[in-house]
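What follows are several structures.
Across the two complexes that follow, subunit A remains constant while its partner is subunit B and subsequently subunit C.
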Partner chain A sequence: MTEDYTFRGLPMASVLPGTTLLVSGPSHAGTREVAYSMLAGAEDEGVVVVTTNRRASRVARNFEAASMRLDPARSAIVSCVGQDDRDADVDARLAEVTGPGDLTGIGMRYSKLVEELHRDGVERVRTSVVSVSTLLSFSDVQTVSRFVHTLVGRVGSIDGLGVLLIDPDAVDERVLSNVAQFCDARVDVRERDDAPEMRVRGLPGQSREWTAVELYG
Partner chain B sequence: MSDNATVLIVDDEPSITDLYALRLREEYDVRTAYGGEEALKQIDEDVDVVLLDRRMPDLSGDEVLDHIQERGLSPGVAMVTAVDPDFDILDLGFDAYVVKPVPEEKLKETVETLLRRSSYDSKLQELTSLMSKRAALKAEISPDELDDNAEYERLGERIDSLRAELDDTVESLDEEDFSAAFYALSRGQE
Partner chain C sequence: MTVLCVDPDPDERAATVAALEAAGLPVRAVDSVSAARDALDGDGNGDVVDCLVTEHDHPDGTGLDLIAHARETAPDIACVLYTDRDPAAIDTVTLGDTVAEYLQKGEGSHDRLVELVEFSVATRSQTAYPLPDDEDARLAALDRFVADPDELDATFARLTEIAAATFDIDAAAVGLVDAHHERFLGCYGIDVDRMDREDTVCTYAILEEGVTVVEDLHEDPRFADNEAIDGVDIRFYAGVPVTAPDGSKIASFCLYDFAPRSLSTDDRALLELFAAEAGDQLALRGRLREQETPAVDGRDRNDGDPTEGEG
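Up next is the complex of A and B:
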């Protein structure tokens, strides 16, 4: 039995291995930063980030901003921004797909990277997709939903942690609720007085009240 | 009438076809074809799995596969080959390959694997389509009316039971099954 995943510096309790959270909030509210903070774990944990619309180098900067260090021994990035990322100089294993519409490619590369990390002894892996909103603008809702279901299943099967980012302003409420139903819980982020607040819905033992987040404090 | 899955076995050597049929008959509804042309007559939407010999004199396994896909059918397909292929099988449109001669255990295991995967894919497709339908209904009808809407209620029940079935299926999937599931996302799309 593996231990719970804990969150450094965030107002939320630890979650069981195999949990996937949908992090929902507008891009200006610090939602992306909250999502990245959720990827910060113990030194021996691995991380795989699927970046749909930002280059690997930007992912690296997001990591740095969240006081995390990329390390090829335990970090991996699946880039959907095309060939531009082929020679990206980042301290992570890098895989690329032709674009955010290539859900098969994303899934296969992701699976392979997770297998490689496991083979290299990294047992606990945090998985992130930044962001599902982009996927939804390249494929229909049903296909993206199937992708999310399978990804959530994969995260569950490896006792990992899943953090999927979505921008509610960019997608229809019905679409958001469909995607949310495949995740175990939802983390909402909003902006109050120039600072982000968050709440967790759908998991026992978590605060459902809006709570201020001190990012990277 | 039976709830058994249907397996179509295609090989131009009748002795091989009949042997596989004998081994699978207990658990599945089995159809046999002694060639590619005959396979096209036997295949329809009831067939869940096809064991397809790659080298046949009239129509090759690859050609049969093309026809199957053109007709919009999506059974799980295991290509039976004489040699271990050194290519990425998923790119070729079939789901597994087995090398001749196929031992009994391997034969059964292959059929089971393909059934598990296609059951996951088809249930998931049905689930996402029902969820979209339900969301559309919800947008059209006022909350009060929804409570009395029989269609909405039926949808909800079907969605709940599908989700429960899928949760069980997911737990039985292995690494390769997940890859196959991701692969299936690009199938049936333009």
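Up next is the complex of A and C:
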């Protein structure tokens, strides 16, 4: 049996393999940084990031900021920025999709990368989509819902960890609640005194109280 | 439950079918997109398809075209593109909203395919809507308490007519939410038989406690682009789950209007009473039927004697 996924430097308890978390918070509150911190795991864990609107090189900088090292042996990026990202110089396996509206293409490339990592012996994989808000601005709610459901299913079937980022200021409340229902729990992020705070809702054994986050400490 | 396996190469098709059958999965195999479309459309030669496993390259079309067709006719089914082709060599841009699982053929891929099919079918992970946590029990309750929907139609028709008059609203119905469709009973002021589950508001209403109100469906991004809802011209929706005696939400008592409007707090409470009444009707009829029909296992259904031993 696979061990729980733990979170280095974040005020939250470990979660069971197969769990997907929806990380919700405004972009200025450090939400993206919290999401990236959740991807930091043990050395032998793999990571696949779907970046919808930022280049792979910028994802690499986010990883560096979170004290994580990309490594082609265990890291992969699905870039939806288009062919501009083809020659990106990053230490990760890279797959490009024409744009964030091609959810079929994103899903297929993600599935292929995850299979490759497994085949190469990486059994534990953390998956992130940054961000679902962008997907929602390119496709209808029904299509994004099917994409999220299928992705959450894949994360469950490989005993992985899913971290989906969403900006509540950019998405209708009813749509956010709908996306949240595909996930196992919600991590809310907000800003207090120029620093992020977070709380976890929907999972037993987690603090539901707002707790300050010391990013990259 | 059937897996539809589509592959033009006889050897590869046979190997995939053998792997799926070895895992105990019932498989129907066809060699072309057109035959697969017929099977998906219900050509009478087999069970309903729950999962589609297709190669991408066919003489008469692509696997992705076929999956797009499946999303039209049976949108909930799990679709897996199982192919030699790399994703980068597949044109997904024009079918970017199709969404399917992907697995590349290769060494050991049959085992992964079996895992993927079993998981996708068991968890129904490709629906465009969230499933209730108790979905399996809910469907079992629906089977048990709604053995004969036609019998309920007249009963519900009286209730919906009274509801429409009470709330001064255009239309009302009781929607039974089954695995893939919603069936509408007792329709008053609206004529709709059934819709795909992913297209109905009740699909979301049965996930909630109490009343769900959408004052203007055109203003709600979940339904604004929904052609099925547009097709029946409704703008306002209010619904309350109808629960079976085991507590599962098997249907929804719904009010519709052809113009946006609101529903007062008092009216919301009243609508909950209508849903409770519909639930009681379901429960009573279910019990009556069970009393009239001898239990199949030879034991009395009311036999709950805890001292009785197993077997």
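Throughout what follows, the second predicted complex is superposed on the first by the 217 of 217 C-alpha atoms of A that agree within 3 Å, B and C clash if a C-alpha of one lies under 4 Å from a C-alpha of the other, contacts with A are read in each partner's own complex, and residues count from 1 in each chain.
In this section, a contact is a pair of C-beta atoms (placed from the backbone, for glycine too) under 8 Å apart; a residue touches a chain by one contact, two chains touch by 3 or more.
The structure displayed is predicted, hence computed values, not measured ones.
In this overlay on subunit A, subunit B clashes with subunit C.
By the touch criterion defined above, A:Arg174 reaches both subunit B and subunit C. Looking at the shared chain after the overlay, A:Ser111 reaches both subunit B and subunit C.
Of the two partner chains placed by the overlay, only subunit C lies in contact with A:Thr98; subunit B stays clear of it. Touch criterion met: A:Ser145 reaches subunit B and subunit C at once. Annotation for subunit A, partner touching more residues between subunit B and subunit C: C.
By the touch criterion defined above, A:Ser157 reaches both subunit B and subunit C. On subunit A, the surface touched by subunit B in one complex and the surface touched by subunit C in the other have residues 102-104, 107-108, 111, 115, 139, 141-143, 145-147, 149-150, 153-154, 156-157, 174-175, 178, 181 in common.
Every residue of subunit A that touches subunit B in the complex is listed here, in rising order: 102-104, 106-108, 110-111, 115, 139, 141-143, 145-147, 149-150, 153-154, 156-157, 174-175, 177-178, 181.
Contacts from subunit B toward subunit A in the complex involve residues 124-125, 127-129, 131-132, 135-136, 138-139, 166, 170-171, 173, 175, 178-179, 181-183, 185-186, 189. Those residues of subunit A that touch subunit C in the complex are listed here as 95, 97-99, 101-105, 107-109, 111-112, 115, 119, 139-143, 145-147, 149-150, 152-154, 156-157, 172, 174-175, 178, 181-182. On the subunit C side of its complex with subunit A, the touching residues are 64, 81, 86-88, 90, 92-93, 95-104, 108, 112, 115-116, 119-120, 123, 125-130, 198, 204, 207, 220-222, 225-226.
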